[in-house]
Each structure stands twice: as structure tokens, then as C-alpha cells.
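Each of the two complexes below includes chain A, the first together with chain B, the second together with chain C.
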Partner chain A sequence: MSPAVKTFFILLVLVLAALFPLVMGKFHTYLLTEVMIYAILTVSYYLLLGHTGLLSFGHAAYFGIGGYVTAFCFLYAPSIPLPVAFLLAAASGLVSGLIIGAMLLRLTKIYFSFATLAFGQMLWAIAWKWRSVTGGDDGLTGWSARKVAVPLLGSFSLGNVTFLYYLVFAVAIVSIFLCWYFTKTALGNTLASIKSNPIRANFLGINIGLAKLMLFGFTGLIAGVSGSLFILFKKMASPNFLDLFTSFDVVVMSVIGGYTNLLGSMIGAFVYVYLVEYLSSFTDRWQLIMGIFFVLLILFYPGGMAGMLRQFSKRVGFVKGDRAP
Partner chain B sequence: MESQLNMVPVLFLHGLVYGMLIFLVASGLTLVLGMMDILNFAHASIYMIGAFICYQIVQWSHSFCLALLIAPVACAFLGILIYRGFIRKVHASGHVNELLLTFGLAMVIMEVIKWIYGTTPLPVSVPALLTGSLQLWSDVKYPVYRLFILLLSGTVLAFMFYLLKKTRLGIAIRACVQDGEMASALGTNVSLIFMTVMGIGAWLAGIAGVIVAPYLSVYSGMFADMIMDCFAVVAVGGLGSLGGAFLASILVGQIQSFGVIFLPRVSIVLIYLLMVLVFTLKPSGLFGKKE
Partner chain C sequence: MIPVLRLKGVAKNFGRFVVIDDVNLEVFEGERHALIGPNGAGKSTLFNLITGRYSLTKGVIDFKEKRIDGHPPYKINRLGIARSFQIINIFKEMTVYENVRNAIVAARRCSLQFTRRLASMDGVRRETEYILDRINLTSFRNEPASTLGYGQQRALEIGLTIAQDPELVLLDEPGAGLTPEETKEIIKLIREVTAQKTLLIVEHDMDVVFNLADRISVLNRGRIVATETPEEIKRNKVVKEAYLGGFFDEKAG
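Moving on, here comes the complex of A and B:
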């Protein structure tokens, strides 16, 4: 696809997404808000798995931390304005990414996956048990719906579905663009080289540890942002947001969409949210269907839906020849 | 405090029983990990399936012995099927896909179990022969069934150690753990050994599943409870080290058993904390050898 066509498509999708709440009802606006929040999360995950080849089973940790920090701000310090709470959530994601990352630096392959799982579960256990601060099992909820003043447009309530949609939309554009830009920087190239051959990358004088540490910090930040949005969206914080199964959801979304490219991660979030919505409306066994779908994809289409799309567009002559992904 | 101190020997026994159970499952996991670099998420699912097959057989025939014979064998075949039908298919495309695949399989198995049996715990009655308690010393009584678990798992493990240390198959397995490529070059059929190890590992997990059924009852969350303990064992014990895994299992069992009584608020964090500490301070495991 030529750059012009690509730009055209990106603009088209953006315009459609911007017009979406005006055309479709509240229900779909609500769903698409969730899709975009998850898309931010999966794109940050793409940097780890797709771009650097690190399979993490604890990505929900940053998501949850960002969420809890936002909830703390709302509940314990209601005078903090929303943008500040938001920045605090991002910063906490960054810091926890750096701290956890620093401890994971030496680990590779499955040992890394293993350790991320342990970290995620540890944070979950803390959130679950530390009742006086996190509310334990019940989670945190019950802050008053906030009004946010937007320059030129007036003030809106966060309870307003359409407003929340546009808020998430704006944040999603910025964060996904940042993630894309991240892959194009020198650091991004360094990480890609670590994926293809860590030993050689090291020989070339690349400080693998430092590069990875910066990656962990950055993904933590983005995931923290999405966690913060998720709290606004769900109007509560719960230990479930940072447990094993949320981490697994991230993995499932990424694989369904195609974890080897950025577009796939977003498609994954979209397909997952809509699939869950529609499958669960007519069967209780939607998780089974999702699981089988997942296994079949890994077996036959490791590229996921994005891979299928690419193959299809190649077949109809939309994309010419074999281009390096 | 007096009563708590009195509990210590009993708690120790509880920990030992649970540690042995974990080891039955984790030994297969760690061998496969050491050999093939595959972290088999579905391994704990096999343990769960063992428990459910046991429940089903006891329902039909009311014979625990029959379950103890059949279920582990069925599990062994399932393990081999998972290896041949799935893992081997994606082996070439790297560890990420392998890990994702076993993870997906575990998910599917859990959902199928939920579908068939629901989510409420199902009781399996302790076989009549093994009910009641035994007076161990002065005022300490201990359920016979748990002693049976100790005895049985001890026997199985002794057999396993004999198999690994004294037989030709054991030598081949150890060679493959140490250096699969070299073993293959020297004429060992590595693929066959892999399959055998998968089978044996699944068989052990199946045994654990059967004997755990009357002890903890059978429920669809067994998988998640076991997998984290197993991972902790494999992490702490050093990857691919069976002796290390044994010590680690006992350690994890004791932490679970004492933690729940003495530190009820943080007991759940302890295991994860242990894992995280070992990973950050000594990634080769507490008892593992340096890579």
C-alpha cells in the first residue's frame, strides 16, 4: 500500500470514529469506548510482545495500577483536577513499569513470562488483601460524577457517554500515535534488533538492559493511561482489573488481532469486545468459543486477523508482492 | 499460643501432604521445561482432568481403586495427545507461539470442564478403607487419608527416582534435559523421549488429580490454584531440576500450610513474593545450578 493510500485509510477511520456517536446509538458508543480503551492497552502490549518479542502475562498490573491511582485521587483527594489525576496515573504506570522492569531485565523467553505472571499476581493479591486502602474484593467506587471543563466547549459530566467517548478517542489517538512513533525511533529499532538477535545486538554495543528498561517504562505509562480511562468508564476500581485473567484477556486480544503488528492489536481489541458482547448475549459458553478460536488461530493463523487481512488483500491484488512486515 | 504451638506438627504434616501433591504435578512440568523449554500451561489442566475423571468413575462404579488405575492412564494419553497434536505443530515457530498455544489449551479445557460439571465443588467420598483418623502420638490425631496420600506419593516418587537414576530410559531423559541436540546426535530418539516424558508427567499429574479429589473435592478452579503453586515450585527449584523441584515443593507446601494459620492476611502474597524474589535475585532458582 502506498503511503498516500495508507494516510487516506487512517484519515477515513478517524473521521468515521469521530462521527460515530452522532450516527450510532448510545449502546455502540459505549462499546466502542471500551474498544478504544482496550486498544490503547493492547497497543502498549504490542510494543512488548510484537515489537520486542517479550511475552508478558502480567500486563494488567500497570493497567490496574493506573486505575487504582485514579480511583485514589477521586476518592481520597477529590480536589485534584481530572487532568492531574490522569497524569498521576500515567506517572504511576511509568514508575511501576520501571521498577518491575528493572527486576525483569535479566530474564528472557519463558522465564520472563513466568516472572511477569508472578508480579501481576502479587499486585493482585495485595489489592485484594489490603482492604483498608483498596477496598479489597469490593473494590473502590462511589465517587461523585465529575464535571470537566473543556476550553471553548463548556463543561461536561464524565457520566455522559458521548463525552467520555470523545475523551477516550482523543487520548487513544495521542497514545497510539506515541506507540507507533516509539517503534520508529532509534530506541524502537534497537528493541527490534533485540527481538531478532539479542546476542548480536549486544555485540554491536547496544545496551540491551537500558533499552528494555525504557521500553518497560513506556509500556507501563501507556497501560497506566488506559487503566485510568477504564476507571472513568467502569466508574469503579476492582482487584479484577489487575489479576491474571485481565492479563490473559490482553494476550487473547493481541493474538486474535495479530500480535505481530500494531494494527492487529487494535483489531484484536475491537473483535474481542464485540465478540464477547454478542456471544455472551446468546450463549453462556462464549469463553469456550473464544478459547477454541484462540487455539485455532495459533495453530493455523499465528498472524491473527491482521495476518488474514493481509493475505486476503494480497490475493485480490490490493497489496503487491511480499513486503517485509 | 499454647494451642498454636501444639498445631505445629499437624501443620507440618499438612504442608508435607500438599507439598507432595504439588511435586507430583510440578515434576512433569519441570522435566518438560528442562527438556523442551516449553512451559506447559495445560499441565495443571491435566491434573484437573484427572480429578474430574476420578469423580466420574467413582460416580459410576463407586470404586476409588478403579479411578486410581484408569484416570492417570487416561491423563497420560491426553498429555501425549497435547504434545503430538498441538505443541509439536508449533514448535518450529518459536517459544511465544508454544506458550500461547498451551495457554489457549488450558483455557479451552477449563471451559469444557465448567460446561460439563458447572462451577460448584463436587465431593468425592474418601474410600471406606481410608476413613477415620490415626493416633500419631500423645494427643495428635491425623486423618488416615492424608497419610495415604503421603505414602502413595512417596512410593510413586521413589519409583520415579529409580526410573530416572537407574534405568536406560532415565539416562536418556537426563541426557535430553542436559543437552537435547547432543543426545540426538548420539543416537537417542529425542522426539520419542519427549513424548514419553510428556506421558509420564501427565500420568503423575493424573495421579495427583485422583488422590486430591477426596481431599480437596473437585472444582473447576483447581487448575488456577495448582498452576501458580507449580510455577512457584519450578521457579524456586530451578528449571529442569527434579531434586530442586522436590525441595521447593515441600517449601511451598509448608508456606501454604503455616502461612494460612500464622499470617492469614498476607499468606496469599507470600508465594508470589517468594517467586518474585527468586526471579530477581537468583533466576537460576534456589536449588538450581548456574547456567
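Moving on, here comes the complex of A and C:
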């Protein structure tokens, strides 16, 4: 695809997304808000798995930490303005990414994956057990609905579905742009080279540990941001947000969409949220259908929905070339 | 004269298996130094010791009078030592251009830079194109490295090494698996790109070694048995027995 066509599509999607709440009504506006929050999360995950080849089973840890920090601010220090609470959540994601990352540095392959799982579960256990601070399995909730003053436009309640949509939309644009930009920098390229051949990278003078640590910090930051938005969206924090199943949801979304590219990660969030919504309204055993869908998809389209789209557009002659999914 | 690279009493055991027994070696500035020896003599192991892949069991390695043993590979590389590999070791999934660019970005110490787009760094682009031209791979710049022919992958392997403009170049069998024609090309390339540099090369092809090297060290059973000029090596009896066998007799006959 030529850059002009690409730019056209990006603008088209942005315009459609901007008009969405005006046309589609509350229900879909609400759903698409969730899609965008997850899209930020899966795109931050793309940097780990698709871009650097690190399969993490604990990505929800940063998501949950960002969420809990936001909830702490709302509940224990209501005087903190929303943007500050938001920055604190991002910073907590960054710091936890650096701390957990530092402990994961020497691990690769399956050892890495299981260590991430262990760290994720440890944090879940803390959120679950430390009732006095985290509310245990009840989670945290019950803060008063926040009002946010927007320059020029006036003051809005976070309870307002349409306002929350636009807030998430704005944050998503910035976050996803930053992730895309990250992959285009020298550091992003270095991480791709580490995925391709870590030994050669080391002998070329690349400090692999430091490069990965920076990645963990950045991906933690973005995941923390999405976690913070998720708290605004759900109006509560729960240990479920940082457990194993949320981490697996991230993996499943990424694989459904096509984990090897950034667009695919976003498509995955969209397809997953809508599938869960419709399947679960249709039957209690929706996970069974989801499982079958997942298996069929990876059997026939290992590149996920993005791979499927690419194949299709090649067939109609829209895209040339033969890039692997 | 002070050697650029000095190995003193270097030994390496893998368990009870002694691979490098006691190696003393000095490589001087600007020389082309070849390391030869039979299979299993420990040539590649020695390269791996110098470049930090393995830790020493005993001994000291100095580069420009500073101790380098015990450092990880990336730190040793940053001091000005770049190596190639006996088994091709490139970024297979990346394009030829990206391969060379990786080496150049690393050498410029901006591998971790995250505020600018890599594509906007003109200096990096120019240097990459210059190296691609020198290794004759400009016309393949956008091909994934894995699709190159074997000889071209060899050229790229050397390209990655010299792209970093190191003071000391270590080439581990750059001609391995090449046809005589390709070997000639590669040697010509090595000659060009290592002018003014210090070179330590492992090579099996004796024509290449005696043509290229200023001095030759012979490694046998984990020890250097001789370090001499090519002419002297040809006359050295110990070397003949250890390694060269009937090579020169055959040539004579």
C-alpha cells in the first residue's frame, strides 16, 4: 500500500470513529470505548510479542497496577485532579514494567513466559489478599462521579458515555501513535534485530538487557494508561483486572487480530469485545463457541484477521508483495 | 612495539575436556595475522574467548593494554573489536539494508535512541549505502537476507563486521563453503576493507592464508606451536608434521 493510501485509510478510520457516538447510539458507543481501551493494551502487547518476540503471560499486571493506582487516587485522595491521577497510573505502569522487567532480563522463551505468569499471579494474590487496601475480591468502588473540565468545551461527568468515549478516543490516538513511533526509532529497530538474532546483536555491541528493559518500561507505561482508562470505564477496580485470565485475554485478542502487526492487534481487540458481547447474550456457554472460533482461525489463518485481510486484498490486487503475516 | 591484542597463558576447559591449553599470542597494529590449525585445534574457541562469548579458565587477554576478558561480547565490541562467524550469523528476517544498518547504528552508539525515527537519520543511511556498495550488495538492498545466495550471505557477514569500522577485525573462516571463484572475490573484498586495519583471520584455504597474511600462527591441540612469517612457516618442520602434512610437497610434485 502506498503511503498516500495508508494515510487516507487512517484518516477515514479516525473520522468514522469521531462520528461514531453521534450515529450509533449509547450501546455501541459503550462497546467501542471498551474496544479502544483494549486496543491500547494489545498494541502495547504487540511491542513485546509481535515486535520483539517475547511471549508474556502477565501483561495484565501493568494494566491492573495502572487501574488500582487510579482507583487509589479516586478513593483515598479525591483531591488529586484526574490528569494527575492518570499520570500517576502511567508512571506506576512504567516503574512496575522496569522492576518486573529487570527480573526477567536474563530469561528467554518459555522461561520468560512462565516468569511473567508468576509475577502476574503474585500481583493478583496481593490484590486479592490485601483487603484493607485493595478491597480484596470485592475490589474498589464507590468514588463519587468525577467531573472533568475541558478547556473551551465546559465540564463533563465521567459517567457520561459519550464524553468517556471521546476521552478514551483521544488517549488511544496518542498511545497508539507513540507505540507505532516507538517501533520506528532506533530502539524499536534494535528490538526487532534482537528478535531476529540476539547473538549477532550482542556481538555488534548492542546492550540487549538495557534495550529490553527500556521496552518493558515503555510497554508497562502504555498498559498502565489503558488500565487507568478501564477503571474510568468500569467504575471499579477488581483483582480480576490483573489476573491470569485477563493476561490470556490479551494474548487471545492479539492472536485473533494477528499479533505480528500493530493493526492486527487493534482488530483483535475489536473482534474479541464484540464477539464476547454477542455470544454471551446468545448463550451462557459462549466460551465454547469462542474456543472453536479461535481454533479454526489459527488453523486456517495463523496470521489472524490481519493476515486474512492481507490475503484477501492480495487476491483482489490491492496489495502487492509477499510479506509474511 | 606494543601489541594491539595480547593473549597470555590463555586456557579453556569444557568440563574435563581441555580445548585451549596454553595460548600466548600477540597481534600487532596494522598486521594481517592468520590463525591456522587442524580441525578441533581450538581456533573458533579462541575467537569466542577473545570476543567474550566464553569465559576463560585461565589467563589474560589484553586489548590495547587493557584487560578485556570477563567482559560481555557487546562491551568488547565497543572497544573496537568486531568479528564475523564461521557459520553465517546474520539477521535473516531483515533486509540486506537493515542488516548493515543494524551494525552501523550499533557502532554509532545510538541503538537505544528512541526520540527520532531511524529513517530520518541521514548519516546512518549514507554510511549504510556506502557499505552496501563496498560489499556489492546494493542491488539486493531490499531483499530479506535469507533469500541471498550463500556467497552473498558470506559477503554480508563480512559487511556487518567491517561496517562498524573496528580497529581489530576478527574473521572466522570467511571463505568456508565457497567455490574457488567466490573465495577469490571474498579475499579481494577482505583485502580492500581491512586496509589500514589489524586483522586476525582463521582460514583453511592455504592459498588464501599464505597470500594474505603477514604473519601466521599455528594452533595445535590447544597450543600455539609457531608464530612466523609465511615463508618461515613453510620451512618449519614442527608445523609440517602437525598440520600442513604433504601440502607443499604435493604442490612441488
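Everything that follows uses one rule, which is that the second predicted complex is superposed on the first by the 322 of 325 C-alpha atoms of A that agree within 3 Å, B and C clash if a C-alpha of one lies under 4 Å from a C-alpha of the other, contacts with A are read in each partner's own complex, and residues count from 1 in each chain.
Criterion: a contact is a pair of C-beta atoms (placed from the backbone, for glycine too) under 8 Å apart; a residue touches a chain by one contact, two chains touch by 3 or more.
Predicted, not measured: the structure shown is a model, and the values here were computed from it.
Of the two partner chains, chain C is the only one that A:188 touches; chain B does not reach it. In the superposition on chain A, A:49 makes contact with chain B only, not with chain C. Once the two structures are overlaid, the count of chain A residues touched is higher for B than for its counterpart among chain B and chain C. Of the two partner chains placed around the shared chain by superposition, chain B is the only one that A:122 touches, whereas chain C remains out of contact. In the superposed pair of complexes, A:282 makes contact with neither chain B nor chain C.
In the superposed model, A:205 lies in contact with chain C only, and not with chain B. Residues of chain A touching chain B in their complex: 49, 53, 55, 103-104, 106-107, 109-111, 113-115, 117-119, 121-122, 125-126, 128-129, 244, 248, 251, 255, 285, 287-288, 290-292, 294-295, 298-299, 302. Residues of chain C touching chain A in their complex: 51, 53, 72-75, 77-78, 82-83, 85, 89-94, 98, 101-103, 105-107, 109-119, 121, 160, 164.
Within the complex formed with chain A, the residues of chain B that make contact are 33, 37-39, 86, 89-90, 93, 95-97, 99-101, 103-105, 107-108, 111-112, 115, 224, 228, 231-232, 234-235, 239, 265-266, 268-269, 272-273, 275-276, 279-280, 283. Residue ranges on chain A touching chain C, taken from their complex, read 181-182, 184-190, 192-193, 195-197, 199-208, 210-211, 214, 218.
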